[in-house]
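The following pair of complexes shares a single chain, chain A, combined with chain B in the former and chain C in the latter.
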Partner chain A sequence: MTKNNLIIFFFCAVFIVLTLLFLSMPSFEGTISQQAAHQMDALGISHPVTAVLMYFRSLDTLLEVAVIFTALCGFYALYPRFLHTPPQPRSIVADHFTTLIFPVIAVASAVLLYSGTFQSGGAFQAAALLAGGIIIIKLTRPLSFAKTKAHGRKFVYVFGLLVFVLLGFVSLFSGSFLAFATGSEYWQILTVETALTLSLAATMAAFFIMGIERVKR
Partner chain B sequence: MSVIYVITASALLTLGAAGFLRTKDIFKRLIHFNLFTSGIFLLFIALTYTGAPDAAAVALVLTGLVVSLGATALGLMLLRTLQSRGG
Partner chain C sequence: MIIDLLLGASLVWLGFRIITVGTRFKATIYFIVFGMMLSLVWTRLGAFDLALAEAALGSGITGALLLDCVSYLHACRIDYDKK
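Let's look at the complex of A and B:
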């Protein structure tokens, strides 16, 4: 038996053991979600995932956004190595296509964001969709979006995190950090989600756009 | 829990780990790392699925997905920098 075959057999054994192990696990009981569901009626948000993300585990979500922001900081640290972008010819067809498709994407993103209050959806899904729209704009370079300022972009990157942290400190007046004031949780969560959508979309698009730029040799 | 999802998840975990350990190509390692995390997310959802998706589990996996996106993006950028320096 060769060394290669041995390795394959080893990983097959690992696969079988893992599968048997997972299948023999005791069945799951969602006690945390049930507790969350009991308190959810008072919130005005009827979709449990959004309620868990933004209300019961909001500190997790805050730090997750901070992780994304840290990754973007890493991007900027490496970015000066890719200074040059080759000029692209402008296409009239792509120009018109983008001006038609981007509003649709923006509206769909807003619908996704809002629908997070009662069904699957919310900031992250909406941000992913909007990021796709921004990437289309960047790839086709329509004339109407040609003059985007870099400082504005940098502000948009941190906007969501700032709003989130600010709301957290505001909520210190009424209790502990990120414990949203009772009565207005619905609007506070919607505000945070909107801000998160904008800045996460910008960040995710930046991951792509900065990542594909050509190296100047 | 559904058996097929659990089997798929453990297959993804094994493939990801095997590929990560066996290849020396850093780019392929990043791909295998992504395969491995997909296995973890699938397993997490499959094990906590009882008739309807569990809200806490879905929220955790959503967090994990976004973090793994950030990790992959940063990893690719580091790879490019390494390559542009002839590494």
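Let's look at the complex of A and C:
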């Protein structure tokens, strides 16, 4: 048996074992997660994923955002200073396409953000969509965002984290850190998610844009 | 059931192709296709949040960055050959 055949055999074996494992997975009926899902209807946010992200493990979500922010700090540290943006000829088709598509992307992102309260969606998905929109703008119009102040951009990057931590301190009055008070939790979480969407979209777009802008060689 | 099996098998096959295909460009294309298939698998498993994130971040932004990286390395190679 050659080496290649051995690898294929290995992958097939892994695949079959995983399939069998998946088929023999127990159902979640009657377990503790089922009970938690039943209790979820009483809360303001009815979607389980958002509830886990924001109620049960909100500190994890906060630190997750902090990790992304730290990655951006690393990017800034390695960012070349003498940037060269090639002045590309603007294509009329791409220009009109951007004008048409970006409002659609922005609205779709807002819908995703709002739908996180009752179905799949939420800050991270909405931010990814919005970041895609920003990247399309940057690719079709290379000089856009060039005039925005660096301080303003940096503020947008930290904005979500800032709102999250501030609301965490506000909730200190009613209990412990990041324990949102019942009654107003819906609006608090929607505020946090909106701020996170803006910040994360800017951060992800910055990863891409800083990645494609380089030193003039 | 058959669709699930096909999706799972194609994932394994695509993962195998990514590491054996040889050229960077082809591997990147396979990676993007892999991300799309993975998001389909997440959808079949009912994890729509993960499917959205995988399609947008794992496949979209990472794939575009990798493509840009491939073209950058290609340009470096051309410069090196000229010297």
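To be clear about the criterion, the second predicted complex is superposed on the first by the 168 of 217 C-alpha atoms of A that agree within 3 Å, B and C clash if a C-alpha of one lies under 4 Å from a C-alpha of the other, contacts with A are read in each partner's own complex, and residues count from 1 in each chain.
The rule is simple: contacts are C-beta pairs under 8 Å (C-beta built on N, C-alpha and C of every residue); 3 or more make two chains touch, one makes a residue touch a chain.
The shown structure was predicted, so the numbers you read here are calculated from the model rather than taken from an experiment.
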So, does A:I135 touch the first partner chain B, the second partner chain C, both, or neither? second
Where does A:A36 make contact in the superposed view: on chain B (first), on chain C (second), on both, or on neither? first
Is A:Y114 in contact with chain B, with chain C, with both, or with neither (first, second, both, neither)? neither
Is A:F159 in contact with chain B, with chain C, with both, or with neither (first, second, both, neither)? neither
Let me test your reading of the model: by the given contact rule, A:F97 touches which partner, first (chain B), second (chain C), both or neither? neither
Identify the partner contact of A:L18: answer first if only chain B is touched, second if only chain C is, both if each is, neither if none is. both
Of chain B and chain C, which one contacts the greater number of residues in chain A? B
Touching A:F75 in the superposition: chain B (first), chain C (second), both, neither? first
For chain A, which residues belong to both interfaces, chain B and chain C? 7, 11, 14-15, 18-19, 49, 124, 204, 207-208, 211
Hey, which residues of chain A end up touching chain C in the complex? 7-8, 11-12, 14-15, 18-19, 49, 112, 119-122, 124-125, 128-129, 131-132, 135, 204, 207-208, 211-212, 214, 217
Which stretch or stretches of chain A touch chain B in the complex? 7, 11, 14-15, 18-19, 22-23, 25, 27-30, 32-33, 36-37, 48-49, 51-53, 56-57, 60-61, 64, 67-68, 70-72, 74-75, 78, 81-82, 124, 200, 204, 207-208, 210-211, 215
How about chain B: which of its residues touch chain A in the complex? 1, 3, 6-7, 9-11, 13-14, 17-18, 22, 43, 47-50, 53-60, 62-63, 65-67, 69-71, 73-74, 76-78, 80-81, 84
Mind listing the chain C positions that touch chain A in their complex? 5, 8-9, 12, 15-16, 48-49, 52-53, 56-57, 60-61, 64-65, 68-69, 72, 79
